[in-house]
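Each in structure tokens, the structures are laid out below.
Both of the next two complexes hold subunit A, though its partner changes from subunit B to subunit C.
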Partner chain A sequence: MAAAAARSLRAVPCVLPAASRALHTSPACLKARAARARVGKGDRAVTYEQAHAPHYIAHRKGWLSLHTGNLAGEEGAAERALEDAFLRRFLYGTFPGMLADEVVLKRRANLLELCLLLARGLAPAKLYFLVGYTETLLSHFYKCPVRLHLQTVPTKVAYKYL
Partner chain B sequence: MAAGWLWRRLCQQSVFPGNYASTILQKQCSLLNCALMGTRLAGSHVDTQEPKTNPLVSVSDEPETLYKRLSLLVKGHDKAVLDSYEYFAVLAAKELGISIEKVHKPPKTIERLTLLKSVHIYKKHRVQYEMRTHYMCLELKYLTSSTARVYLEYVQRNLPEGVAMEVKKTKIEKIPEHIKEPVWDTLPQVEETEIKS
Partner chain C sequence: MALCRAAERAGRACAALLPRSCGSSGAYSTAPALSSRAGQQREASLRRRGRTSQVVRPHLAPRTEKMAVDQDWSSVYPTAAVFKPASVPLPIRMGYPVKRGVPPPKEGNLELMKIPNFLHLTPPAIKKHCAALRDFCTEWPSALDSDEKCEQHFPIEIETVDYVSAGTSIRNPKARVVTLRVKLSNLNLDEHARKKLVKLVGERYCADTDVLTITTDRCPLRRQNYDYSIHLLTVLYHESWKTEMWESEKSEEDMEEYVWENSCSQRNALATLLRIKASENLSAVTEEELLASEVVKNYRNSVIALKNEGETESNVSQYKESVKKLLNIQAVP
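Now for the complex of A and B:
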């Protein structure tokens, strides 16, 4: 009787597609980790920039480095990327512990503009010296006019606590 | 400075009658007297005999090259920036009296990369990036070379960061002399010689 049932099942064409449910598990090391702040105990303050993942760029985030290297038909993307990396490290070291947020780099023709957000830790006279020092040194290094725009904030602005 | 510019525009459009204009000017002078002692306000009608020669303006007798079309293709990653730049460029063209042929937005191009997610092995797990380039094309018609130069300089100096521009100019030239009439009309009449075999 079982054999007869099996034969009848084989005779009827199977209309249903192969419906199967599988659970997709990815090991922890293969999740996307780029530029994402992972959830923790809730005591770590995180800025708006750090809280958003890179797929939010152009939706909730803006660009930190503005240049024409990555446009279609334009050259110099790698050189700009290298310059950006050096500039961020340089500024991180020149203003130790005072950068409230990431530096915004703007390139317009030959001019390089650095927009910084600093927490108040140094006397204004020392800040002016550091601004002049960065501007002259970087302009001699990159052979282009460099302008630094500063803004001081009382403390780092926390968007979330993770 | 902004007040002086606005004042010059009003004088050009001759909205106010003469007497009213002079009283307004005196009031303006008295208000700004402290900071601008001894300076001449832009647009102030001071009767001077010296001719005003602007060192930036050059006068030459050469005939100007004429452009049938000036095409500006502006590329950027951010659509909002391109929209505001379009408003600015169109406004500048209208103020300078340049006729605009059309303003259109070609479709965006997306360059996609698929890279390995991990530094070592895990070939099946990849990461995809994309770079979007938005375009805006502004076509102006019938310009002279000096107008084109002035407009392009102004518009390019105010190009935002992260935005690139490509300019294409279409020149108008006179038809060369040797094409104007067909060749068979210009050749001298050749007498037919009979070939005797």
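Now for the complex of A and C:
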């Protein structure tokens, strides 16, 4: 009796209102893990910049790039951000393995000042060539005067050991 | 590694020499802090790795060691420049200290490099700037020694704004705005022209300060906006002096201020007084005589004051007195 009823039910087409269940996904943000050096065995040296997480910006850290684009009523924020990204990659590649810390970019009107912290691994003559190459190429590329300021340190300046 | 050790010993020797040479040269020298636990840890880790990953090159002593106390600082930092620890003979530390530690020293300190510094703007440097700029300056004209004289000789004020920003482009669309300000008392206008001008400009005229403000930004260039604002002022001035045919149709609603002559208040007052005089059977008094009488003049002034200046204590009491005198009502005891 029950089996016959079940068979008959199966034959009838099921007309239900359209209801679906789907998983809502957004791109993974990982905001709680961004720019944070995780604690390890205690033998890994980290610089002041790496040791402080992003929420310490404006409290214990300053800004790596200074320009007026992000002020209220000013234009050009996106262009400056793009220039910053390109400049950091360019300098990371031009001074391979020698950058002891992040590059500090300063803009004063038209002038672009790049402040680098380098480890001492290259002969001064080669270093001067790279400085001249960078300044000339970037000034032709961005059509503005570009100045490079170097500071050399014997090793990466360790702030903490994580 | 050996070179490293030699540099450390040299550094410590320098530090030992410092108190003796302090009195004579006063040069400042930085002694690296090598006896810290972190430094020893670093050396230990280097030793464990066997060889250094970087070549250690002999390095010159920083310039601070050769600086005299009375040197010319404006030649060390003539313009705005990034902080150079080897050129600034100050024991500056910056940063949040590690637990039971001190803020990091100035060598390799990124925080000191990030911030803008004013080492190029010491008072002697600013004095030098002013002295150099003085050759390009001229004296303020002695005839213009007060604000009133400036306004008398230069009644029109033009205001423009220049924008400076950091970037590859100097263009800013906000820089094309031009504001022109002029006091109407400085323009040659008669009563009709002044009223017509005020009606034409509307909100751009401020009655409290008697200033007409014209702001132009419809042209793409500042020069064009300036020319347009001057053109507007010229056109307004000339148009306000002309009298069009349709201006004779100006009615009571278009008047800027209350005018008592030929108003319903005057008609009502005269009619009431005439009826009073007629009922008292006195000699017929003409309208001109009534208008010239004291009481009617009082009433006229109080009504004009009420309508033009609004209701204040003194205005309302003045109106009360004038009505009592007009209708000859004695005070109720």
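The rule is simple: the second predicted complex is superposed on the first by the 131 of 162 C-alpha atoms of A that agree within 3 Å, B and C clash if a C-alpha of one lies under 4 Å from a C-alpha of the other, contacts with A are read in each partner's own complex, and residues count from 1 in each chain.
Throughout what follows, contacts are C-beta pairs under 8 Å (C-beta built on N, C-alpha and C of every residue); 3 or more make two chains touch, one makes a residue touch a chain.
Computed from a prediction, not measured in an experiment: that's the story for all the values here.
Asks: Putting subunit B and subunit C on the same copy of subunit A, do they fit or clash?
Replies: In the superposition, subunit B runs into subunit C.
Asks: Figure out whether A:135 sits in contact with subunit B (first) or subunit C (second), or with both, or with neither.
Replies: A:135 contacts neither subunit B nor subunit C.
Asks: Where does A:84 make contact in the superposed view: on subunit B (first), on subunit C (second), on both, or on neither?
Replies: In the superposition, A:84 contacts neither subunit B nor subunit C.
Asks: Just to be sure I read the superposition right, which of the two partners does A:119 touch: subunit B = first, subunit C = second, or both, or neither?
Replies: Touch status of A:119: second partner only.
Asks: State whether A:67 touches subunit B only (first), subunit C only (second), both chains, or neither.
Replies: Both partners, subunit B and subunit C.
Asks: Return first, second, both or neither, reflecting whether A:58 touches subunit B, subunit C, both chains, or no partner chain.
Replies: first
Asks: In the overlaid three-chain picture, which partner chain does A:43 touch, first (subunit B) or second (subunit C), both, or neither?
Replies: Only subunit C; A:43 stays clear of subunit B.
Asks: Touching A:102, do we find subunit B (first), subunit C (second), both, or neither?
Replies: second
Asks: Looking only at contacts as defined up top, I'd like to know whether subunit B or subunit C touches more of subunit A.
Replies: Between subunit B and subunit C, C touches the greater number of residues in subunit A.
Asks: Pick one for A:32: touches subunit B only (first), subunit C only (second), both, or neither.
Replies: Only subunit B is touched by A:32; subunit C is not.
Asks: Can you tell which stretch of subunit C bumps into subunit B once we superpose, 25-33, 151-159, 223-231 or 259-267?
Replies: Clashes occur only in 151-159.
Asks: Residue overlap on subunit A between the subunit B contact set and the subunit C contact set?
Replies: Residues 62-63, 66-68, 73-74, 106-109, 113, which sit in both footprints.
Asks: Please name which positions on subunit B make contact with subunit A in the complex.
Replies: Counting only subunit B, the residues touching subunit A are 75-78, 109, 111, 117-118, 122, 125, 127, 131-133, 159-164.
Asks: Over in the complex, which subunit A residues touch subunit C? Could you list them?
Replies: Of all residues in subunit A, those touching subunit C are 43, 45, 47-49, 52, 56, 60-64, 66-69, 73-76, 79-80, 100-102, 104, 106-110, 113, 115, 117, 119-121, 142-144, 149, 151-155, 157-161.
Asks: Show me the residue ranges of subunit C that touch subunit A in the complex, using the header's touch definition.
Replies: Listed in rising order, the residues of subunit C that touch subunit A are 4, 38, 41-42, 45, 54-57, 59, 80-82, 84-86, 95-96, 98, 104, 107-111, 113-116, 164-170, 172, 174.
Asks: Would you mind writing out the residues of subunit A in touch with subunit B in their complex?
Replies: Touching subunit B: residues 26, 29-30, 32, 34, 58, 62-63, 66-68, 70-74, 106-109, 113 of subunit A.
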